[in-house]
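Pasting the structures in now, so scroll down.
Both complexes shown next keep chain A, but they swap its partner, so chain B is in the first and chain C is in the second.
Showing the complex of A and B:
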């Protein structure tokens, strides 16, 4: 029997808004469950805890919709399945990068590439790019941006915590500079793939 | 003649478009813009919008370039929409600027008019068959679209049969339609594929490589065992040899061809020829 978890339940992006189990009469978050999703294994299930997990999927979907040329494939659904192998921080940015490369690999027509970059601001105001899980937990604010490859335009941003307007601009500028490295890595790995043939 | 933008540079595009000629044979990524040869003169070394004043009021000589798979027209430039190597083919008849396209590696097939494909009949509804060709919708095939078929003389096609045919209608807005006759009404090799044999799937790039005029793989395979083989542009190959074992060997070789270099392939062929 295989259990397939579609989102990693360890990551709680509660941000202080949802109360966790506290004492007797605890209030748990909303649950949702689907069974028998996959036809090959004997059993499979998808379990959803909390509403925040769904928003991560919505963010990735909105980013992909902005970039994929959907008009070339009307009446067709494009499904992206992301499985978390290990989480060492900056999970959403990693999911965005994986989704982009998967779309390129599948040959889905796109108007640009996109990448995700995470910034963490700690209590001193120091900016850390691509934070580890520990740095994310101790940070005062965590900001994730999705940028496109043509002009490093902002496609999506999601933020959690306290930060000033100037800090937001600073993080965005740092993310834009960092995205160049990510796009260079995309180019190198795609070139390597095509050089084999 | 200086080109419009240098190829070196770490950013992917950053708004700078490169001349298509300089990028031929290189890997291009979605989002890049390419300039056609005619436009390089305009964005000359002066740059920043300076253009030599034209004394003749007539239109500039326009070169008609065909935009192939993986490219889209974006203003008067080409926008790359898929990752792959940029290719160009000169026009055979002299006029026009030829065809540009992106050679990408893909597993998923999108129906294109004129492509010859192998389909599997999934349903018979009234006068048409529904054929699975590997796209997002099944294609429809009329029973009259076979050689010598009339209303009284129906073709012998059952659900589960393999069909080799070509698309007459294939666009994003309509259900694809295929036929098993050419424009003169002759079968020309199309129709129901015979009994036995093995159907397997490969990537689209491998099919194109195998069907290229100068492909040695096919000649070497032919020398190995006598065989019948049908290639579908939707990534499907049907192969039949004298025994089941030979059929399976051929199928494995063709599937592995994608990842092998020429030397490895020649080694495997020589080993098989000995045994």
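Showing the complex of A and C:
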């Protein structure tokens, strides 16, 4: 039995893109483990920071849970590890886009694609899509939406600051229009990738 | 027989009620549970409130203490909220460090305070750069039956309206703070944010004020925090099934009516309390 268990472990770690007995979630988990060990800089520097990250994680997780067809992979854990390389504003939207493409790359079955769009409203009501860090800081309100690719429904929303109902509808409409560009980019980059190989 | 069906197929059981446009406890889809509020019950706290939304019970206690203002904002005080979901409120929580739900709720309340500007942090400053008030707002859930965010926001608002801070003067000679407990004044509450939570079912139906069981069966949740001018401080939708713009509009109108109901209730309670 010992021998059999060891060989089983070998297959799992060397798996690569080949789906193991537990499904594509397998190789992803191994990858995630390494990342976690390496990139844990001062984890408890300040408690408040930790809580903000926890709520961001929860938003991303709940958005993914809504689109991933979990019933096709019972007893499987799908771990998504997001490492921030550089933050120039609209971080949460960028994380959502990265998570979606990663799920497509891993071959996880989903009912729709999703994308993140950030809107900033400044003091005189002008709308800025995909604001820089500086624009976000000076804005009166920052709204981040996650929209699905089928009919641009609102999957996730988180907002900061004060704004009116009409402004919300305006931002949502602008975000829905912008999401078309993002989905077109997804399609183009995936076409490029699969046409080469 | 109904109890057996409910245990085996909770979602089907619930769908039967939804088809008749009502819920197992007899409420309509847009109806809130009975809301009761009790202000000023904790005598050792500077401000307190107990809110009951049906069975969900949240108590908020506010303590004011001295602290040095932050170096990057020497004329501002602090408001530190903390939501605690102890094991006594529901069997899903264990004792120990705060779980994810408690942390998310604390972050939500901190965002509401920050976004709605319910109190100006400048009002909490006593002496710029040297001394400021810090308000520790502790929200403890005593009974968890869904819709914790609405109850916490209401309890926080009611407790803040109840806070009385004594007058503080800095003695120039000794540089110590002298507290005059005889002269107390209420906080200047600038806006009244009220939260309205919805649960999404089967991607289409929206029900207001979900109970614990309804939250568990829901495919998504949405919380809208609105102030009296119809301005939104927070649109919290942590994933779940998608919503169209039109459905969102319905939620906004329901939130406006809810704001009026809550404001009326709170004004009545405060009026009945003022002569102290």
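Throughout what follows, the second predicted complex is superposed on the first by the 148 of 197 C-alpha atoms of A that agree within 3 Å, B and C clash if a C-alpha of one lies under 4 Å from a C-alpha of the other, contacts with A are read in each partner's own complex, and residues count from 1 in each chain.
Assume contacts are C-beta pairs under 8 Å (C-beta built on N, C-alpha and C of every residue); 3 or more make two chains touch, one makes a residue touch a chain.
The structure displayed is predicted, hence computed values, not measured ones.
Asks: Which term applies to chain B and chain C once both are placed on chain A by superposition, clash or fit?
Replies: They fit: once the shared chain is superposed, the two partners occupy separate space.
Asks: Give one of first, second, both or neither to describe whether A:58 is in contact with chain B, with chain C, with both, or with none.
Replies: second
Asks: Look at A:66 in the shared chain and tell me whether it touches chain B only, chain C only, both, or neither; answer first, second, both or neither.
Replies: second
Asks: Check the residue A:162 against both partner chains and state whether it touches chain B (first), chain C (second), both, or neither.
Replies: The second partner, chain C, only.
Asks: Per the contact definition in the header, classify A:123: touching chain B only (first), chain C only (second), both, or neither.
Replies: neither
Asks: Mind working out whether A:194 is in touch with chain B, chain C, both or neither, as first, second, both or neither?
Replies: Only chain B is touched by A:194; chain C is not.
Asks: Once the structures are superposed on A, label A:86 by its partner contacts, choosing first (chain B), second (chain C), both or neither.
Replies: In the superposition, A:86 touches no partner, neither chain B nor chain C.
Asks: Using the touch definition from the top, say if A:180 reaches chain B (first), chain C (second), both or neither.
Replies: first
Asks: Which of the two partners, first being chain B and second being chain C, lies in contact with A:148: first, second, both, or neither?
Replies: Both partners.
Asks: What's the minimum Cα gap, in whole angstrom, linking chain B and chain C in the superposed view?
Replies: 13
Asks: Share the list of chain A residues that count as touching for chain B in one structure and for chain C in the other.
Replies: Touching chain B and chain C on chain A: residues 148, 151.
Asks: What residues on chain C touch chain A, complex-wise?
Replies: Touching chain A: residues 100, 103-104, 106-108, 111, 114-117, 219-220, 227, 230-245, 248-249, 252 of chain C.
Asks: Spell out the residues on chain B that touch chain A in their complex, using ranges where they run on.
Replies: 10-15, 27, 29-31, 70, 72, 79, 81-85, 104-108, 110, 136-137, 172-173, 205, 258-259
Asks: List the residues on chain A that touch chain C in their complex, please.
Replies: Listed in rising order, the residues are 51-52, 54-55, 58-59, 61-66, 143, 146-148, 151, 153-165, 168-169, 172-173, 176.
Asks: Would you mind writing out the residues of chain A in touch with chain B in their complex?
Replies: The touching residues are 69, 71-76, 104, 106-107, 109-113, 148-152, 180, 183-184, 186-187, 190-191, 193-194, 196-197.
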